[in-house]
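Common to both upcoming complexes is chain A, partnered first by chain B, then by chain C.
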Partner chain A sequence: MKIDGRDVAVDKGMTVMDGCRKLGIYVPHFCYHPALSIAGSCRLCMVEVKGFPKPMISCNTPADAKYEVFTGSEMVVQARKAMMEFFLLNHPLDCPVCDQAGECDLQDFSFRYGRGFSRYDEGKEPRAKKDVGRDILLYTQRCVLCTRCTRFLDEVSGTNELTVANRGFHSEIVNAPGKRADNLMAGNITDICPVGALESKDFLFKSRVWYLHSTPSVCTHCPAGCNIKIQTKGNRILRIKPRTNLDVNGYFMCDIGRFGYKFVNDSKRLTGASRRVGAASANGVPARSMISIGDAIETVAESLASAAAAGSVAAIASPWMTNEEAYLLARIFKDCLRSSRVAMLEKNDRATDVRFKKGFTVYADAAPNARGVEDVLTAVLGGPLPTDAEVLADAQSGRLKALLFVNSNPDAAGTRVDVTALRAIPFLAVVDLFAGPIAALSHVLLPAASAAEKIGTFTNVEGHVQRLAHAVESPGQAHPEWKLLVEIYRRLGGNLAICDRPADTFAHLATQVPSYSGLTHDALGDGGRRVAAPPSPAPAGV
Partner chain B sequence: MDSVTTGPLGPKHKATSRPSGPPSPEKPLAFSNAADDELRRIVEKYPDAGMRLLPTLHVAQREFGWISEEVKHLVAHRLAIPVAHLESVVSFYTMFHQRPVGRLDVQVCMSLPCALRGSGETWAAIANALGIAGGEITADGLFSICKVECLAQCDRAPVVQVNDEDHLDVSADRVKSFLDSLRNQTGDGKAGA
Partner chain C sequence: MGFDRVLTRNVGKPDSRKIDTYLAGGGYSAARKAVTSTPDEVVKIVSDSGLRGRGGAGFPTGKKWSFIPKNDTGQKFLCCNADESEPGTFKDRVLLEHDPHLLIDGMIVSAYAIQATRAFIYIRGEMHAAAKILEGAVAEAYARGFLGKKIFGSAFDLDITVYRGAGAYICGEETGLIESLEGKRGWPRIKPPFPAIKGLFGRPTVVNNVETLCCVPPILERGASWFASIGTPNNTGPKLYCVSGHVNRPGVYELPLGTPMMELLDQYAGGIWKGRTLKAVIPGGSSAAVLTAPECQALPLDFDSCGKAHTMLGSAGVIVMDDHTCMVDAALNVMRFYAHESCGQCTPCREGTTWVAKILNRDVHGQGLETDPDLLLDVCRNIEGRAICPLADGAVAPVASIIRKFRSEFDHHVKHKSCDLGKAAVA
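Our next item is the complex of A and B:
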């Protein structure tokens, strides 16, 4: 097939639109979406095919080797211009107060393909704004009836909460009787809506989108590892959007991940190190005083070293840690403390996995990196790892002299650990995000960074290793766990070559964890790499 | 009519494409035996749920008078399709009533040919004479009025359909006698319910 004078190979089942996309030729469209069935209803994707008298919709025209296609001919320009006029007939043009402005297809297409003024003198018919779901408003009059939202809810989530009602000019999107768009994937319809019709209440009027800074990263609320964009203004996260990765999450993410960023901005986050003063009463919480990070690290390093000398030191590693952090922790234990008592913090399960019609799954495990942490600890320290219950039993029986507990759970109250055992430990160091029940019992408490504040990698449930990115600064004196661990490692006389940056740590990790062999942060790129079994020969370089 | 109920937020959400049950479980709506037989015949005649939808809706409307939200749930359940599809189809066709109607449902065509021949005036005259607006029923329960799209008799515009019967050339000046004749017919028992 020839498109704008360039040749493209035609496969079975391919459309003219697919051919254009293959060549990187952009054809404007509303109803077409690569994850949804073809609707062919917006008529904006029209192209000229030589020999045919009328323009054809590229999204639903099967490709043919004999076709000669033009995407910018006079016929196409006129057809688009006419369609743009239809789209704006009843559109309120309230861009100045519309959140979509700046990332709106209708706005962009009008600018590129439409006309600068309207020939329409009649009044517009107002359509009421509707509250269609927990987080979703429908600005009905802005809708271009592309049906992306209803097809998504029918085909991808399978929940069918919205539908098109009425006929012709009176058509509009409505809730199905008795249904609200509240499913765990519902937020995606605000992303795929090409205009400002479906809007997120959470983001409503918070910022014009062109002031947002976007950082590619990975979700931290379950081991699916959905690729995300963290969108910030100043040092605040304003919204999370899914980032396309066909090997992981496709085009979508779930609402737990989408709205889970709030803990990062939470004013109750730990912002400094503290130590316990005086003893705890039987059930009471000991008093604390703030100390410098340096002093805190010093105390932790010394206490761990002396407990190790007595042969009774252990750690509990959080599944919210990055692979690099798990590696540093493992090295501290192997190289400096000569111990392999590092347990994985038991999984923090929500109710059950939620699997949607097209296969998208939100996992019950609320932590993102159980697999990576386990891969790394096992490779360095040798398996099987002790369970956290075994370590806590040691604590309870008084056998344990010092415990380094990295909790770092974004859910301040979310722990299934029985904290009574922790009271018996002579020295408890805790790394955490919030002053939860575990942190309250610590002798030394170190403030951790959230995943949005650090560099590193997570390994998802399928063994896909992906990079996190630094999107915002940590509050106060909070530090990424890797920095805290590096300082402890240094004081205990560790191998400094692996310490400078998480990328260095990762490169070293890759030489020790067989399935990660050959990987580097650069090689992972923005899309990550799969390390799952069966082990293949190490991919060279890229 | 607000069909929106607040749903719970929660990770325990169950993803399901099954239609939810009728909203008032205390007194569940059901088809009569006669209607049930009819529905069974429809099932035999048409191989899939999509094809069964329109005939089933006709049965339902005859049975219950109009297609309430509860009826939509009942039919969705019966055909094992999402209630969303019911909403689309029922609201697409003016022949399905989404609110109670009078014994004579007066449907005025508002599409272009009828409009050019004065259906707007016809509509105003009817509404005026009966003292009701679109979607309302007269106090005696006899008339309800609504606007519809082309009834495929454009050559005799303006067209007004009363229940299942078309009336042609109903210009505004004929409205009074038109309504009178409808009243008389009901008296004779020839038209209406």
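Our next item is the complex of A and C:
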């Protein structure tokens, strides 16, 4: 098939639109979405096919090797302009107060195909704004009736909360009787809505989108590892959007991940190191005083070293740690403390996995990197790893002299650990985001960075290794775990070659963890790499 | 009036809707004959007869049936389109109410031809009486063993279900009908795929009009060449014409295809009423382009002749307008219908029909602008050929042709803020 003079190979089942996409030729469209069935209703994607008298919709015209297609001919431009006029007839044109402005297809197409005046003299018919879901508003009058939202809710989530009511000019999107768009994937409809009709209440009026800075990263709320964009203004996260990765999450993410960023901005985050002053009463929480990070690191390193000499040191590693951090922790234990007592923190599960119609799964496991941490610890220290229960039993029985506990749980109160065991430990060092029940009992507490504040990698449930990115600065003296661990490692006389940057740590890790062999941060790119065949059950992507 | 009625031969007989009346006239011999022939033989007879669909498009029926994949042994469906909602059209209703067994007979033959063991009659929601009559007739046919398992002792099974629509014009469009039968909104489907490949519940499906299916039994009984001898070349068989509007005797007339328009109006429909003169005719239901009185003079009412006259025979809903008719008002009347019935799925039809209706509304009410006729034609051009289903083209055809052919009336409306017929044009 020839498109705008360029050849493209025709495969079975391919449409003219597919051909255009293959060649990187953008054809304006509203109803087409690669993850949804073809609606063919917006009539904007029309192209000219030589020999056909009328423009054809590219999204539903089967490709044919004999076709000669034009995407910008006079016929096409005229048809598109006409369609734009129809779209704008009853559109409120309230861009100045519309959150979509700046990332709105209708705006972009109007800029290219619209006219500066209207031939429509008959006053616009107002359509009431609707509250259609927990986080979702429908500015009905801005809707172009592309049905992406209803097709998503029918085909992808399978929950059918929205539908079209009425006919003709009076057609509008409404809640299906008795249903609200509250499913765990509902937020995606605000992304796929090509205009400012479906809007997130969370982001409403927070910022014009052109002031946002976007950083590609990975979600930290379950091991699906959805690819995300962290969108920030200044040093604050204002919203999270899914980033397309066909090997992982497809085009979507869940609402837990979407709105889970709030802990990052939370004013109760730990901002400095502290130590315990005086003893704890039987159930009480000991008093604390702030210390410098350097002093804290020094105390931790010394305490771990002397406990190791007595053969009674251990660590509990968090599934929120990156692979690099797990590697540094493992090397501290292997190289410096000569111990392999590193347990993985018991997972902090939500009730059950939630699996949607088209396969997208939100895992019960609330942590992103159990798989990677386990891969790394096992490779360096040898398996099987002790369980956290075994380590805590050692603590309870008084066998344990020092414990380094990396918790770093975004959910301040969310732990299943029975903290009473921790009271028996002579030296407890905790790395954490919040002053939760574990942190409260620590002898030394180090403030950690969130996933949005550090560089590193997570390995998702299917073995897909992906990069995190540094989107915002940590509050106060909070530091990424890798930095804290590097300092401890350094003080204990570790191999400095692996310490400089997470990328170096990762390159070293890749020489030690067999399935990661040959990987580097650069090689992972923005899409990540699969290190092993997916375990059963089925994959998460859409 | 020498034409020997075929489709309406039982209309007017006492108890015409009873199975015994139908059987007394030799009824169901077509169905009996079909199930002892091969499906290919049945398709061939119907193809040879030249029968073209009576639902609007005039598509050759035998050819439509032949698109059903033969090597597919799975479920296939036949749907009878009894949604009859095209303004000016009221012919199927006569058949449904007066001779339901003719339709069932035709459906058995047609279902057999495409090897469909499930058939549906999708009937317009407002036709309460006809639906009751049909249900009664289907029950009678089941009771006689003409429907159900192994009909007429053959190996062929056929079940027919009467399904009542909810009164949307768009559910007469064949894929809107299919969606509605599936229990969904009557939103026409994009093509490809075509119903013959993926129709009802994703299976090969034929949708035929009531009158089309009623033509089938006589073809089997009396032969393809008999049928082909009626009418004009390529436009064969008897046809029901629905005459409405400004005539003395509006009604349904069965005549050979190709009957001249003026013969229909003058000899059968009793001429223009109140001693007035003819101004315009919409010949094929409201979706057809208008004809001026001179254009009607020598026009044979068949598919090809109407096509040549840049209109269509469509559903043969002949809407007659006398010289007291305001054509601006007529255009508004038609466009209001389409704006109301547009399903709203695709952009040009959803937005365009209402816009055109709004402009026409201001024109009728003396608030039009000089530029309106050109604006209307331009908007019509932007709708035409760019929508999902033919409703949009059907909405444009009458209005655009009225503007082109009666433009001076639009200009008069603008200039004098009233109609040249002196009709009230109050704002």
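What we mean here is this: the second predicted complex is superposed on the first by the 532 of 542 C-alpha atoms of A that agree within 3 Å, B and C clash if a C-alpha of one lies under 4 Å from a C-alpha of the other, contacts with A are read in each partner's own complex, and residues count from 1 in each chain.
We take it that a residue touches a chain if its C-beta (ideal position, glycine included) is under 8 Å from a C-beta of that chain, and two chains touch if they have at least 3 such contacts.
Everything numeric in this text was worked out from a predicted model, so none of it was measured.
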Superposition on chain A - do chain B and chain C clash or fit: clash
Which of chain B and chain C A:Glu161 touches, first, second, both or neither: first
Partner chain(s) touched by A:Pro437 [first = chain B, second = chain C, both, neither]: neither
Touched partner set for A:Leu145, first chain B, second chain C, both or neither: second
Touching partner for A:Arg350 - first (chain B), second (chain C), both, neither: first
Which of chain B and chain C A:Arg134 touches, first, second, both or neither: first
Chain B versus chain C as contact partner of A:Gly463, first or second or both or neither: neither
Which of chain B and chain C A:Asp182 touches, first, second, both or neither: first
Partner chain in contact with A:Met46 - chain B first, chain C second, else both or neither: second
Which superposed partner A:Phe169 touches (first chain B, second chain C, both, neither): second
Chain C collision site on chain B, chosen from 4-12, 112-120 or 166-174, when both complexes are overlaid on chain A: 112-120
Shared chain A contacts, counted only where both chain B and chain C touch the same residue: 164, 166-168
Chain A-touching residues of chain B, taken from the complex the two chains share: 3-9, 11-17, 20, 23, 69, 72-73, 82-88, 91-93, 149
In the complex, chain C residues that touch chain A: 168, 170, 185, 190, 192, 339-355, 358-359, 362, 375, 382, 385-388
Residue numbers on chain A that touch chain B, as the complex places them: 131-134, 150, 153-154, 157-168, 174-180, 182-185, 256, 350-352, 354-357, 362
In the complex with chain C, residue positions of chain A that touch it: 38-44, 46, 53-55, 57, 60, 62, 79, 82-83, 85-87, 89-90, 119-120, 122, 144-145, 164, 166-171
